[in-house]
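Here come two complexes built around subunit A, the first alongside subunit B, the second alongside subunit C.
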Partner chain A sequence: MSGKFILKKQNKSIYLFRYKRFVTQRKGGEVLKNHDRILKKPWPYMVGGSILAILNIILFILTDKVWRVTSGVVHLGAYVLEKIGLRPSEWYYFSQNTGEGLGTGEMFIYNPYIIMNAAIIVGALLSTLWASEFKWKRIKSGKQFVFALLGGFLMGYATRLSFGCNIGGYFSAIPSFSLHGWVFALFMFVGAWVGSKILIKYLLT
Partner chain B sequence: MAEVRLDCMYEACPIPLLKAHKKLQQMEIGDVLILETDHNCSIKNVVDWVKKQGHNVDYIELNEGEWEIYIEKAK
Partner chain C sequence: MTSKAIEELKRRRQGEFKKKNSQIPYAVIVTAISLIIYTICIKLNHHSTFWMIGLLFGITLQRSRFCFAASFRDPILVGSTAILKAILIALIVSTIGFTIVEYASIGDAGELDKIRTLGQVYPVGLHTVIGAIMFGIGMVIAGGCASGFLMRIGEGFLLQVVVLFGFLMGALVGTWQFEFWDKILISKAPTVFFPDYVDFPIATIVQVIVLVALYYVADWYDKKNNIMVM
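For the complex of A and B:
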C-alpha cells in the first residue's frame, strides 16, 4: 500500500515538472534538429499529399496502372477462399467485366497490388522504426472491437460497389478524369458526416 | 486551476480529437487537459485543432510511440 502511495506522489511531482517545462517551452520556443523534423515530426499535409501525387504519376508512367489498395486485398481474399476449397473465380462479381475477373492462366495471388500493399506495410513499419515510435497496440474494449470489425466489413463491402477505396476510387480516379472519383468524393463526405454522428452518439462515452 | 487527464490510449482518429473537444467544453479557463495517446496522427490533428481554437498547447513523447498533449484552456 505504501509503495503505491509513493509512486502516486512521484507521479504528481513529475506532472508538475512537465507542466512547468511546458510553460517555459511555450515562452522560449525550441530549435528542432533536422533529424527530428524529417523523421519524427508529422509532415505538413501539403508535403505528404504532393509526394503521394508525384509517386502515383511515376507509377502510372512506369506500369500503366494507377495506385489501388483494396483490389489487392480482394484478390488476396479470393486466393485464401480458393485455398480452403471455394471457387470465387466463378462468382458473379469476378466473372463479370468489373476489371476484377481473371484472364486465361491468371491466378488471384498474381496481383501486383498485393505486393504494393505488402510494401506499404513494410514502409510504414520502417518509418515508425526510424522515428522510434514502434509500439504493439491492443484492443481497448469489446465495443471498440465490435465497431472496428463492423466498420471494416462495411468499408470492404462498399469498396467493391464503388470500384475501389479512397485510393482507387478517389485518389487515383480524379487525376484520371474519371467522373466516378467526384461521385465518390461527394458521398465520402456524406459518409463521414453520418459516421461521425454515429461515433459521437455511441462510441464517445 | 484544475488538471484533467484524458485516456485516449489505443484509440484512433478522430476519437482523441472528439474526446478532447467534449472535455474542453466542460472545463474552466486556465484548466489544463492532459491527453494521453499512442496515435501519432493525434499529435498533428489534435494539436492543430487546439491551436486553431486559440488554446495553449504542447506535447512530449513519454515512451516510444506514446505522447501526452497538454492543453491549457485559454478562452
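For the complex of A and C:
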C-alpha cells in the first residue's frame, strides 16, 4: 500500500515539474523561442533607448529634421481651428522666427510630425497586436478623467513656454547642444516631484 | 491535485494561449495597411520617411515600455533609475550621432549658424523653468509624457485619448498666448548653443563626459535608494 502511495507521489511531482516548465515557457523562461522573446517579452530599457536614439539619428540624416511631437499636435489643432472658421495663421506665434511658421502655399496639415504622431500610435498598435496583447482599457473613474485632462492641458501649455515636450525639448534638444534642453530636464524633476506629491495626496488615496 | 485535473488545467491554459494568439490576423491586416500607407506616401512624396520612422518609434516605445514620465517619477517615488539610465545612454548615443551628422552637413568650414537651425536650439530662461515645472507636474498626474500617451493610445488605453485632447487644447491655448510670454520673457532670453563658446568637438566630448558621469550618479542613486530591487 505504501508502495502505491509513493508511485502516486512520484507521478504528482513529475506532473508538477512539467506544469512548472510549461508556465515558465509561457512567462518567458529559457526555453522561450526567439520570436516570442522579441514579440512578447518587453525589451530591456537600454535596448529601447538605444534604438530610439539611433532612429532619431537616421531621421536626422534622411530628413534634416529631428524627432518632435508637439509640433505635429499644434499644427493639427491649428488645421482644425482653420476648418471651423478661425484664423490661427495670423497668430503672433506663427509669424515669429520659431521655425513653425508656414511657407507660401503651405497648409497646417502638411506638417510632417502629424504623420509621425499617427505613425507612433499605429506602431504601438502593431506591436501590441503582434504580441496579442491588445485590449480596450476603459477609464476607471471620474477623478482619473479629470487628472488626465488637466495633466494633458498643463503639458500642452508648457510646451509653448519651453519650446518642446519631453522629445523636442529634451530628447532631441540635449544632443543639439542647446542649454534649454538641460534646464528643461533639471526642472522637470522639480515638476515631477510636485506632481508625485499631488498624485499621492489626491489620486492614490 | 490529480493528474486529470492537471491535464484539464493544461488544456485550459493552452486554450487561453490560443485565444491570445488570435490577434495575429489583425496584426497582419494592420501591418499591410501601414505598408500601403507607406507606399502611398512615397508616391505622393509626402513625408514617407516620417511615417516609417514613426512606426518604428511606436514599436520600440511599446516593446520596451519606454516611459519618460516614469524616468522622472520613479527616482522620486521608488528610487529606481532604470529608465533614466537608459535615457542617459540614448542621449550619449544621439549626442555623438548628431555631431557626426551636423559635421558632415557643414563640411569643415565652421558654419555654426547652419547647425543651429538643424537641431533643437531655442532661447533659455525663466520661461524654460516655468514650462519644465508645469510639464513635470502634468506628466506625472496624467500618467504619461508626450511619447507615452501616443504609445498607450495604440495599446488601447482610452484614458490617454483624454490626455491627448487636453494636450491639444493646452498647446493651442499656449500658442495663442505665445505673444504675452514672448514679450515679457522669451524675447529677452539668450539662446545658449554650446559650440558658440567652445569648439564643436570639445563641446561633444564634454557633453559625453557629463552624461557618462550622470549615468554613474544615477547608478549609485539606484543602488542606494531603490526599494523595488527584486
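Definition applied: the second predicted complex is superposed on the first by the 174 of 205 C-alpha atoms of A that agree within 3 Å, B and C clash if a C-alpha of one lies under 4 Å from a C-alpha of the other, contacts with A are read in each partner's own complex, and residues count from 1 in each chain.
Note that in this section a residue touches a chain if its C-beta (ideal position, glycine included) is under 8 Å from a C-beta of that chain, and two chains touch if they have at least 3 such contacts.
Just so it is clear, the structure is predicted and the values come from calculations on it, not from any experiment.
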Partner chain in contact with A:S132 - subunit B first, subunit C second, else both or neither: both
First (subunit B), second (subunit C), both or neither touched by A:P42: both
Between subunit B and subunit C, more extensive residue contact with subunit A: C
Touched partner set for A:P175, first subunit B, second subunit C, both or neither: second
Contacts of A:I51 with subunit B and subunit C, given as first, second, both or neither: second
Partner chain in contact with A:L204 - subunit B first, subunit C second, else both or neither: first
First (subunit B), second (subunit C), both or neither touched by A:Q144: both
Overlap of the subunit B and subunit C footprints on subunit A, listed as residue numbers: 15, 19, 22, 26, 42, 128, 132-135, 137-140, 144, 196, 199, 203
Interface residues, subunit B side, partner subunit A - complex: 3, 9-11, 14-15, 18-19, 22, 32, 34, 38, 40-41, 43-44, 56, 58, 60-61, 63-66, 68, 70
Interfacial residue positions of subunit C with respect to subunit A in the complex: 1, 3, 6, 9-10, 13, 17, 20-24, 26-27, 30-31, 34, 41, 46-47, 49-66, 68-69, 72-73, 75-77, 82-83, 85-87, 89-91, 93-95, 97-98, 101, 105, 117-124, 127-143, 145-147, 149-160, 162-179, 181-182, 186, 191-195, 203-204, 207
Complex interface listing, subunit A residues touching subunit B: 15, 18-19, 22, 25-26, 42, 128, 131-135, 137-140, 144, 196, 199-200, 203-204
